[in-house]
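Note that chain A is present in both complexes that follow, paired respectively with chain B and with chain C.
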Partner chain A sequence: MKPLEGGKISPRQLYTLLVLSNLETTTSILPSLTVAIAGRDSWLTILLAIIAALPLGLLAAWLGRRFPRQTLIQYSPKLLGKPLGFLVGVFYVWFFVHITSLVVRETAVGFNLSVLPQTPPIVLIIILVVLSATTARSGIEVIGRLAESSFVLVLFSVLLTLFLPLNFAHFEYLQPVLARGVLPLLPAVLIPLGLLSEFVAANMVIPYLSEPQKAGRTLFFTVLTSGTVILLFTIIIIAVFNQTAQNLTLPPFQLARIISIGNFLERIEVIVLAVWTVVALIKAAFFMWIGMLGPAQLFNLKGYRELAYPLGIIVIVLAILSYDNFAAAVSFYTPQVWGVYSVTVEIGIILLLSALALLRGKKGNTLRTTEN
Partner chain B sequence: MPLFIPRPGLWLRNGIKILVRLCPENKIKPKESTRGTHPKGDDRRGQRRPVEIVLILAFSLVFMLLSCSGCWDKTEIEDLAILTAWGVDREENGDILASAVIVKPFAVAGKTGEGSAPPERPFWLASSSGRNMLEAMCNFAAFSPRFIFCAHSRFVIFGEETARQGVEKILDFFERNREPRLTANLLVVKDMTAAEFLKSEFEMVPLPPEGGLGLIQNATRRLGTVVNVNLNDFLIALGSEGIEPVAGCFEVIPKRPVPLEGELERKEIIQSPVINGAAAFKDDRLVGWLNRTETRGLQWIRGKVENTPLLVENPMAPPALIGVEVIRANSAVTPSMVKGKPHVQIKIELEGNIEDAQGFFDPKTDPAVLKNIEKRMAAVIEKESEAVLHRCQQELNTDIFGFGATFHRSLPQTWDRLRGNWDTEFPRLEVSLDIKTHIRLSGLAIESIKKIK
Partner chain C sequence: MFWKSFLGKLFFKRKKQQRLPETGNETENNILQENMPSPDPAPAASANLSTDLDANVARITAAYGESADLVVREMETATSPPIKIAVFFIDGLVINLAVTEGVVAPLLAPPAALSAQAKPHPTFFEAANKTLLQIGEVSEAQTFEDIFTGLASGKTAVLIDKNSRALLTGTEGWKERGIEEPATESVVRGPRDSFAERLRGNTALLRLRLKSPRLRIEEFQLGELTKTTVALAYIQGLATDKLLQEVRKRLKRVKIDGILESGYLEEFIEDEPLSPFPQLLRSERPDRVAASLLEGKVAVFTDGTPFVLLVPSFLPEFLSTPEDYYERYFIGSFIRLIRYVAIIISLVLPSVYVAIITFHQEMLPTELILSIASQREGIPFPTFVEAFLLELAFEILREAGLRLPRVIGQAVSIVGVIIIGQAAVQAGLVSQFMLIIVALTAVASFATPVFSLAITMRLLRFVLLILASTLGFFGILAGIYTIFLHLVSLRSFGFPYLKPLGPVMLSDLKDTLVRVPFWAMRTRPRLVAPRDRVRQAEGLKPKPPQHRERDDAKNKGGDGA
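So, the complex of A and B:
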C-alpha cells in the first residue's frame, strides 16, 4: 500500500513554514487584539506567552518523536482508545480548517480595508482558497519549499516595516510598566499563546521530516523567532501610536503607512500587502494540507489529494460565515472565546496525549512501517 | 487524442513546483524526496518539461496580464485629482467647508518655451461643503471631473475659528479613511479661514504644499521657533492623559504689491504665508497662540530644538550682541512630589557655536568670557521657558508640555490621585529649571573685526 503522503521536508522548511504561519496573524490582526486588552503592557503578555510556549514546543516535539512514523491523528487512538482518539483527531483537524477559514477571511478583510474597498470579499476569498488548495494538493514537500524560498524575502520585508518607522517611535510611551499590576494582563496572554502554539501543526509533519531528531530544536527556534517578531511589532506599535493603537484595526499596515524617511522613502505600505498575500497563501495551504491529510487518515482513505477542492469549498463557506468586519472579529478573538478555544485544542491535546504516553508507557514503532 | 488539453490547475501546480525548483538550493538535492504518488513521475516529467514550461509561462503571462488591470478597484491615474493639502473650516450653520489644493499635472511639467501659452498656475483650489468630511469630499464629485485622491495630502489646515470650536469631529475622517496619511502636518491659520489661506502662494516653488513643507522644514531646522506636528502626534496628544496637543501656526502677512522694474515677465505674489509660533490646544479646542519666544521656550522644554540662533549680550562690550547657533539641545523632565505637592524638574542641556560677534570680543585675553556667555545663554533660555510656562499655566491652563504624562509614566500611583484634578493642579505646579549650556566652537575667527587706529 502506498503511503498517503510521500513527501519529505527538512527541519528548516518546517521552521520557515511555522514562522511564516505565525507571521500571518502577527502582521494582520494580532497586535490590535493584544493592545486592545493589555494596552501599553501588551508586550509583556507576549513575553509571558513566549516563555509559556517554549517548553510546550519541546513537549510537542517530544510527543511527535515518540511516535516517529505516525501523525497525531494516528497515535491518538493508540493512547486514548479508538472512539476518544477519533474525537481528538476530529477536533484537531477541525481547528486547522477553522483557522484556514479565519486566515482567508482576515486577508480578504485586510485587502478590503486597505486597497480594494470595492472588490467583494468573496472574490478575494475564492482566489486565495483556490490557490492554496492547489498548493496543498501538491503535498507537504511543495508547501515546505514554497515557504523556504519566500522566507528570507518575507522576513526582510517584515523587518523593514518594523525598523523604518523608528524615527516616529517614542519608547517612553511604554511607561508606566505594569501600572495596574500583572493580574489584568493574564487573560490577554492566551491570545499570543494561542497563536504561538500553532506549532502543534508540526505533530502532523514530524513523520515526514528528513531529520526527525531536529524536531525539538526546530519548534524551539520557531517559537523564539515568531515570538521575537510579535514582541518587536507590539513594542514598536505602542512606541509609535501610544494609546491610539487600541483604536487601529490593522496596526502593522498603519505602521508601514507612517514610514517617512527624509520625505522620499515613504508610501511603501504595499510591502505589507505583499507579505499578507504570501504568508496567507502559505498558511492556508499548510493548514489545508492538515485538513486534507487528517480526514484521510481518520477514515483510512486511499489518498488525500482528492479532498483539496471539496475542503476548499468548506473553507470558503466558513470564511464567508465567520465575520463581516473587524469589530466582529475583535469580539470573537477575545481571551474568553478565542483564547480558551485555541489553547484548549492546541495545548490541551498535546498535554493530554503526552501525559498518557508517559503514564501508559506507549511508544510508536521506530521501524519503517506502512502506517502512514 | 487531442494534442492540447487545457489543464490550468495542473499548470498552476506545476508552475509553483518549477518556481520552487528554480531556487538554487532545491536544485542541488532533488533526489532526496520520494515521490510517492508519482512513481514514474520524474522520468515522464523530464521529457515533458520544455513543453510544459512554455505552456505554463504562456498561461501565467496571459493570466497575469488579464488580472493586472483589475476589476472592481480599477483606478486609473488619469481619473484622479491628486490632492496635496486639505483646508477645513466650519460654516456658520455648522457644516464643514473642505478646501483642497489639487495638483494640475499637465501644468506642473512647465512649458515655458517661446511661443507657448502663458504658464498656467499648477494647482487648482476648490472648496466643497458637507455635514461631515466624507460628504464634503464626495461633494467634490459634483463639479470636479476627476475624483479627489488624498493619499498624497501633506497638510491638514484649520481656520482659526474652526480650531476654536473644536476639531475632534473632523479628525476622525483622517484616522479612519484609508487614503489620508497620519504623517500629514497639522497647522492652524491665524486670523483667517483655511479656504482663504490656501489662496496663498510661495516664492521659489510653484506648488503651495511643497512651499509649506519647505517652510516647516527650514524653520524647524534653522529657526527653532516653530513646532512640527503631524496628525499622529496630534491624535496621540488628544487621546492620552496628561498632555494637550499643539499644532503649527501659519500666518499671512499681507504684502503691498511693489512694481518691479525690468523686462522680464514678473508676477508678484500678494499673499504669502509665514510660519511662526504655535497653536496651543486644550482638548480639541484652540485656546491660544504662542509667539516666537514662547514657542522656542516650549521646544526647549520638550527637547525638540534642532538648530536655532540664540542672541546674548556681549560681556566684553555690553550693548553689542553675540550670536550663538545652537546645534544640539536635549531636555529631561523629572516629576516628583515635594511636601505633597507635584513638582517638575526640567534639565536642559545644549551645545552651540559662536557664529556672530559684534563689538569687541576676544576669548584669548579673558578665558572666562566663554563661561560668561554660557551663563547668559542659560539666562535667555530660562527667560523663554518661564515665559511659556507662565503663559500656559496662568493664562491658558493647558498642559501642552505633557507634565501630567511624565507623572503618569514615572509616578503612576501619584498620577492616579492627580488625574482627576489636573486642571487645578497644573497651574500650581512648581517647575524648576536646570540649564547647562556649552559653547563648543567659536567659528573661523578668534577675535572680532576691529578697525586699527
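So, the complex of A and C:
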C-alpha cells in the first residue's frame, strides 16, 4: 500500500516550520494577554514557560522517536487501546483544526483593523483558507520548503520590529521586578506554555523526517528560538507601551507603527503585516495538513489530499463562529479557558502517552518491514 | 398510401440522419489517417536497396518526384567492362568542388592497376570505399531511408551496379550564417561568439571550449517529416545517470511531424505544462552552455536553432548572466542583487501603486500623497483603469517596436514616447505619477536577462494589478503567496525549481543572490553526485608574497651590485 504522505522533510525545515508557527500566535496576541494578568513581570512568565517547555519538547521528540514510522494518531491506539486511542486522536486533530480557524480569524481581523477596515472579514477568511488549503494539499514537503525559504525574511522583519523602536523604549517600566511576588504569575504561565507547546504538532511529522535522529535537537532549539524571540518581544513591548500593552491589538503591528527614524523610515507596518500574513498562511497550512492527515489515518482512508477543501469549509465556519470581536478573543485566551484547554490537549496527551509507552514498554517498528 | 409514403419518408430521413454522422466519422477517420505523419513519401522507404542499379535509381527519383534540386548523375567507369554508377546529391546542400573532385573524378578514372581487375561487384565497391573516394567521411547505407536522410543532410550518395549497398560521402556544405555576436545575451566583457542554426557547428563551438573526451554528444532524430537532429551534450561523470535517463526518456516520447525550434521540444519535455514560468533555460552562448555542463547539467541542442536548452534549470539561474562570472565578484554580486530588485519591481510596482492610491493612502508621506492627489484631480478614470490602459499601451508599443523593421521601429518608439509621454498627461488621461510608475516598471523588466522570464512577469503583473484593485494589499499578498507556493512546488526534471532557495541548500547559496569569488567556489552545485562535487584545489585564495622586506632588500642588493 502506498503511504498516505510520501514527502520527506528535513530537520531544518521542521525547525523553521515550528518556529514560524510558534511566532505567529505568540507575537500577535501573547504580549497583551500576559501583560493583562502579570503586568510588568510578564516577561518572567515567558521565561518560566520556556523552562517548562524545554523538557516537554525533548519528551515529545523521545515519544515520536519511539515510534519512528508512525504518527501520534497511529500509536495512540496501541498505547491506550482502540476506543480511547481513537478519542485522543480526535482531540489532537480537533485542537489543530481549531487553532487553524483562530489563526485565520486573527489574520482577517488584523487586516480589518489596519488596512482594510471596510472589507467584510468573511471575504478575507475565505481567501486565506483557500490559500492555506491549497498549500496543505501539496503535502508536508512543500509546506516545509515554504517555511524554510521565508524564514530568513521573517526573522529579519522580526528583528526590524524589535530593534527599530528602541528609541521609544523606557526600560525603567520593567521595574520593580516581582513587586507582587511569584504566586500571581503562575496562572499566567499557562498561556505562553500552551502557545509554545504547539511543537507537539511535530509528533505528526517525525515519521516524515529525513533525519529522525535529530528530532530532539530540533524541538529543543524550536522552543529556545521562539521562546527567546517572544521574551524579547514582551520586554520591548512593556518598555515601549508600559501597562497600555494589554489593550493593544496585534502588538507587532503597533510596534512597527511607531517606528520613525530620520523622518523617512516610517509607516513600515505594512511590511510587518505582509510578513505576518505569510507566516499565518504557512501555519494554517501546516495545521490543516495535520487536520487532513489525522482523520485520514484515524479512518484508514486511502488519501488525505481530498480532504483539503471540505476541511477548509469547516475552518471557515469555525473562524466565523469563533468570536465576535477582538475583545471576545482576549477573553478566550485566559488561563482558565485557553490555558487549561491547550495544556490538556498538548501536554496532557504527550505526558499520558509517554508514561504509557514507558510503563507498558511498547515500541514501534524501526525497520521498514511494516509500513503503515 | 399517403400515410405510408409519409412514414417512409420520415423513416428514411431519420435513417439517413442516423447514418450520416457515421459516414462523416469514417471520412474524418480517413482524413486523420491520411494526415498522420507517414514514415516517408515513398511507400516502402525503409526497404533495402536491390542489386539492380536501374531499379534503385528509378525508386529514388520516384520518391523525390519532380523535385528540381535533386541531381542524378548516371555514369560508367572508363574500365572494361564498364561499371555503372549513379551519383545523387541535392543541389545547394553540397560543395560542388568536393563532389566533382572527391567523388566523381576518382570514380570515373580509377587507377590502371585497379581497372585491370575491376569487376562490378563487391571488389569495386570496397575499392571505391577504401581507395578511390577522396572524401573524409564515407559511410555505408543499406536502406532507402538512410539515403534520403543522408541526401537531405548534404551527403552525396554513390550507388554502384550489382551492389545492394550505397556509399554516403560527406560533401555537405551550404551557405550558413556565420558566428555572430549573441543577439539576446550580450555582455560587456566576455566571449562574443554565439551559436548559429546548424547543429554541427554549434557542437563544435562547445567542443572547442570543453576539450576533454568526457564531453559526450548523443544524437536523436525527432520529427517524422523534418527529421530534426536533436543532440544531448553532457560531461560523462558529472551528469548523473538518473538525469540522463530521464532526459532521454522524455525526448524519445516526442512523436510529432516537425520540430523547428527548441521551443517545440521544451513544451514536450517540461515538468509542469500549466505553469506560466519557463522551466528550461535556453541560451545561445557557448560559454554559458559549457559552464552549465561543468555543473552537471545536460544541454539539448536542436538543429536549426541557435537556442540550446539547459536541463534542469532553476529560477535563480534565470537571473544570472555569464558576465556575473567575468567581472570581479563584487561587481558581479552587486549587479545580480540589482537584478533581483528589478524583477520584484517589474512584478509588483504598478499593483502596489494602485493598492496605495485606491486603499491605503495613509501609507505615503503626506506631502507625496497631496501632490499625487492634486495631479489626479482632473483624471476621469480610477487608478486601476489608468494603470491598466497605460500598461497595455506600453505592451503594444513594445511589441510594435519589436516586430517592425529597425528603421521604422525607431519611428514607432518616437511616436509612442511623444503620445504616451507628453500628450496623454497634457490631455488629462493619465497622471504623471502613473507614467513614472509604468516607465520604471518597463525599465525594470528590461533588466531581466532571460526574455522568457520577463514575459512571465509581464503576464503576472496584470493579474496582480487586478488583485490589487479589488483587495488592495491583501490581494497583492494573496497573489504573491500563490506565486511563491507555485514556485516552491514546481520541479524541473525532478529537481526543485527554486533550488537553492526552495529547499535551502546552504552550500549552493554561494552562487545565487550573490556570487562568491571563484577561489571560494570549491564545490559544484548539489546536482552532481557527491563524489564529483569538488571542482578545484584547496587554498587557492591569492595572498600577497610572504617575505616582502627580504625581497625588497635582495632587489636593492642586486641593484647595488
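What we mean here is this: the second predicted complex is superposed on the first by the 368 of 372 C-alpha atoms of A that agree within 3 Å, B and C clash if a C-alpha of one lies under 4 Å from a C-alpha of the other, contacts with A are read in each partner's own complex, and residues count from 1 in each chain.
Heads up, the rule we're going with is that a residue touches a chain if its C-beta (ideal position, glycine included) is under 8 Å from a C-beta of that chain, and two chains touch if they have at least 3 such contacts.
The structure displayed is predicted, hence computed values, not measured ones.
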Simultaneous placement of chain C and chain B on chain A, clash or fit: clash
First, second, both or neither for A:Val278, with chain B first and chain C second: second
Touching partner for A:Leu124 - first (chain B), second (chain C), both, neither: second
Chain B versus chain C as contact partner of A:Thr135, first or second or both or neither: both
Touched partner set for A:Pro3, first chain B, second chain C, both or neither: first
A:Val270 touches, of chain B and chain C: first, second, both or neither? second
Comparison of chain B and chain C by chain A residues contacted: B
Touching partner for A:Glu24 - first (chain B), second (chain C), both, neither: neither
Contacts of A:Glu106 with chain B and chain C, given as first, second, both or neither: neither
Which of chain B and chain C A:Asp41 touches, first, second, both or neither: neither
Contacts of A:Gln243 with chain B and chain C, given as first, second, both or neither: first
Single chain C stretch clashing with chain B - from 92-100, 326-334 or 488-496: 488-496
On chain A, positions contacted by chain B and by chain C: 115-116, 119, 123, 131, 134-135, 138, 142, 145-146, 148-149, 266-267
Complex interface listing, chain A residues touching chain C: 10, 12-13, 111, 115-116, 119, 123-124, 127, 131, 134-135, 138, 142, 144-146, 148-151, 264, 266-267, 270, 273-274, 277-278, 281
Residues on chain A engaged by chain B in the complex (per definition of touch): 2-8, 113-120, 123, 131, 134-135, 137-139, 141-142, 145-146, 148-149, 168, 172-173, 175-176, 179, 210, 240-244, 247, 254, 257-258, 260, 263, 266-267, 303, 305
Touching residues on chain B, where the partner in the complex is chain A: 9, 12-13, 16-17, 19-21, 23, 25-26, 32-37, 71-73, 151, 175, 178, 181-183, 213, 232, 235-236, 239-240, 408-410, 412
Complex contact set, residues of chain C against chain A: 359-360, 362-365, 471-474, 477-478, 481-482, 484-485, 488-489, 496, 498, 501-504
